[in-house]
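The chains carry the letters A, B and C, assigned in the order they are written, with residues numbered from 1 in each.
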Amino acid sequence: MASYFRDIYRAIKTIAIGMGQTWKAMFRPAITLQYPNQKWELPVNARGILFNNVDDCIGCYKCARICPVQCIYIDTVKATADEDLGKASMGNPIRQHLIRFDIDMFKCCFCDLCTIVCPTECLYMTDEYENSVFSRDNGIYHFAKYLPEEARALKMREVEADMEKAKAKEAAIAAKKKAAAEKAAVPA
Amino acid sequence: MFGNLFKKKRYLFDDEGTMVFDMAHSTGKYYDEAMKKLEVESYQGDEMVVNMGPQHPSTHGVLRLELVLDGEVVKKTTPHIGYLHRNFEKHAENIGYNEVIPFCDRIDYLASMNQDMAYALAVEKLIGLSDLPEKVEYMRVLTCELNRIASHLVAIGTFGLDVGAFTPFLWAFRDREKIMDLFEWLSGARLLYNYIWVGGLAREVPDGWFEKVREFLDYFGPKMVEFDKLLSTNHIFIARTAEVGILAPDLAVSYGCTGPVLRGSGIKWDLRKDEPYSYYDRFDFDVPVGAGELGQLGSVLDRYLVRIREIDESVKIIRQVLEGIEPFKDQDVKAAIPKKIRPAAGAEVYVRSETPRGELGFLIRSDGSDVPFRVKARSPCFSNISVIDNISRGGMIADLVVIIGSLDIVLGCIDR
Amino acid sequence: MTPEQIHIKLHEKFDDHILEFNVEALDPYVKIDPAKIYEVATFLRQTSELDFTALMCLSGMDYGVDENLGVVYNLHSIQHNHRITIRVDLSRENPTLPSVETIWRTADWHEREAFDLLGIRFEGHRDLRRILCPDDWEGYPLRKDYIVQEFYKGIRVPYQEDWMKYETLEKNPERGNFVFQFESKVPELIESAKNGNNSDHKPEGSTDG
């Protein structure tokens, strides 16, 4: 019986100590923020939505290759000898048309690997973190500045050039074979 | 109202007819003595199979328990896991060594730094990389210990929630936010940092960061005293936890329990002390173990107290790091990062390190290419939760909630 | 004890069943006959000089499409603070070996995991069920020749990037969405990165200058 009342006494006493702590907390300033109206100040390198400054992008595929979830889609077309696409702001020459630079932000895992490997520092994470959208399509960000028709034309140009090259190669091989056959035929 | 309550009171008598068990005192020594004297079978009624989880607030994630109950007494617990299975190991076989690190973050998302550290240590041993810059090693220890504090704060906060104390949870999260802010400033992310890399760190330490850490420590010290007053010394809390979920030391070792669960059972085993990695041998700190002062050894309360004391030890380590790093502040943290990670074919290594939840081991095998051939993560929670059937048997279903809380599981870590 | 001394101890007891001992490896290992694993494990656990109280890790291995399967036991003794790795090789057709679940209780779930992900059968295990995957999952995901099943209970399993196909210019003109009939280069690039020419790769057009 004595232990029963001792237990009750101890319980009340220790709860009172704890309550004293919470009572003190009542007079401390609030640490919460009223979110949509007040916003947290993010540090410089905070990870938000990815942004690519395509003027500086040289289409090196480094980000697409290192991405662990493969959410960056790049397509480039090699510039011909007479085209001059200028230089990126860090001095790297741009040698290809970036006809496609898409990032699927739904797949992005915000690991920051792509921005670290980027040689021209054109791909970076903004401090924008409210990226909920109404449609699935809007979560896919397109950064390439070519119009679809231009892009298609550039791509066709490359494909045609490749086909011509292949044809020339075939012809060269055929010519070689022919020459070899003739050579073999001469002594006989 | 009270009349009904008293009518429902349930007493148990042993062979001689003396009362040994009283429902009103279902915790505490009455309960345990009764359980020892009266086997569970002696008041056997109809068995009932109850499903607990996977969507249950007290299972700390998507853990499903299949319980065989006799009244309120648990006769058998069968955990069903795998609801969060992402097959990290298969992922790792398809991407390069460095790209695995973001996935390592997600094994145990409450202590990402420690996971990165374990993986980085394993790969460094695999490629024979040693003698990293002092700043890197010190920063690794610093971030790991900060993350240990953050993780333990979640553990004890949610544990308080499990036993019915709501305020400690909010207070723990308030202080954890401060650590999250420090990490956000350091790495850019609040939870999944991808900060510790093989051979170095992902980013330079920002100016003024160490001062902020010092400020945090000065702020945090008194908070733990408050926390003790609020929860640790509460009589109801002690009565609820001190003799529940007893895990015997030999059983803990056999089940592969590690971390605070093992140390709560009185075994002084901490990899930071016994198999020192990184710079842990340079610091002076204690390994707290459960002593069973307030109840039985290896109880839920012991595990909780070990975590509380470990926080103090971590603070101690961080203060030493802040002193030790002073001469090396100008070093380049990216200097030793290898350009290409390509270990010898057939090399295999098992490296473990101490995370807040226990030993995280990585077994990595290489076939000589840029991608790992096999990565096996031996997660601490996976082994810790497997003991639950053994320690919950014969207890009350309400105690099961407390036991799960004391094991401090993270389902991402169990399922991987 | 050093790995050499542990090996000598093992060699005295299980002469013919020790297949290989490698001390140069990063983790020195002893390769043994899979049929004898239970006896060896009992010996390692119960001999007082060895006293391997803890099974740190039990990992199933697949050494390649045409190679063997295997199991790796990383053992550690808390009392003596020494460690050893035990390996066994299993045939791909019939990967069966005795269970050590009764010696170290932690092996219970680790063996279930190895069974689940690699299809290694542990004889004498009291509760050998799948643990991480659902019970009716097909195949063993960590095998190197694993092909993921097309449908699981009517749900498509492999991830498909449908958006690349259906997005057209007409759908969302102001955002500039458009579709190419040509496939993206990314998959093959990742393929080539995997084959080893990772850092040697240069962007097209950068070679001439």
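Going forward, contacts are C-beta pairs under 8 Å (C-beta built on N, C-alpha and C of every residue); 3 or more make two chains touch, one makes a residue touch a chain.
Bear in mind that the values here come from a model prediction, so they are computed numbers and not experimental data.
S.K.: Work out per-chain C-alpha centres and flag the one nearest the whole-protein C-alpha centre.
M.R.: Chain closest to the assembly's C-alpha mean: B.
S.K.: Based on mean C-alpha positions, I'd like to know which chain lies farthest from chain C.
M.R.: Ranked by distance of C-alpha centres from chain C, the top chain is A.
S.K.: Please report how many Å separate the Cα centroid of chain A from that of chain C, as a whole number.
M.R.: 30
S.K.: Distance between chain B and chain C based on Cα centroids, please, to the nearest Å.
M.R.: 25
S.K.: Note the residues in chain B that touch 2 or more other chains, in rising order.
M.R.: 96
S.K.: Show the residues in chain C shared as contacts by 2 or more other chains, in ascending order.
M.R.: Within chain C, the residues that touch at least two other chains are 193, 198.
S.K.: Touching residues of chain A toward chain B in the complex: what are they?
M.R.: 7, 10-11, 13-15, 17-18, 20-22, 25, 31, 42-47, 66-68, 109-113, 116, 125
S.K.: Under the touch definition given earlier, write down the residues of chain C that touch chain B in their complex.
M.R.: For this pair, the touching residues of chain C are 25-27, 53-57, 59, 61-62, 72, 74, 78, 81, 85, 104-106, 108-110, 113, 117, 130-134, 141-142, 193-194, 196, 198-199.
S.K.: Okay, in this complex, where on chain B does chain C touch?
M.R.: Going by the criterion above, the answer is residues 81-82, 85, 87, 89-90, 93-94, 96, 125-126, 251, 253-256, 267, 269, 274-275, 339-340, 347-350, 352, 359, 361, 363, 365, 369-371, 374, 376, 378, 382-383, 386-387, 415-416.
S.K.: What part of chain B is in contact with chain A in the complex they form?
M.R.: Residues 91, 95-96, 98-103, 105, 167, 171, 174, 184-185, 187-189, 192, 194, 202-203, 206, 226, 229-231, 233-236, 239.
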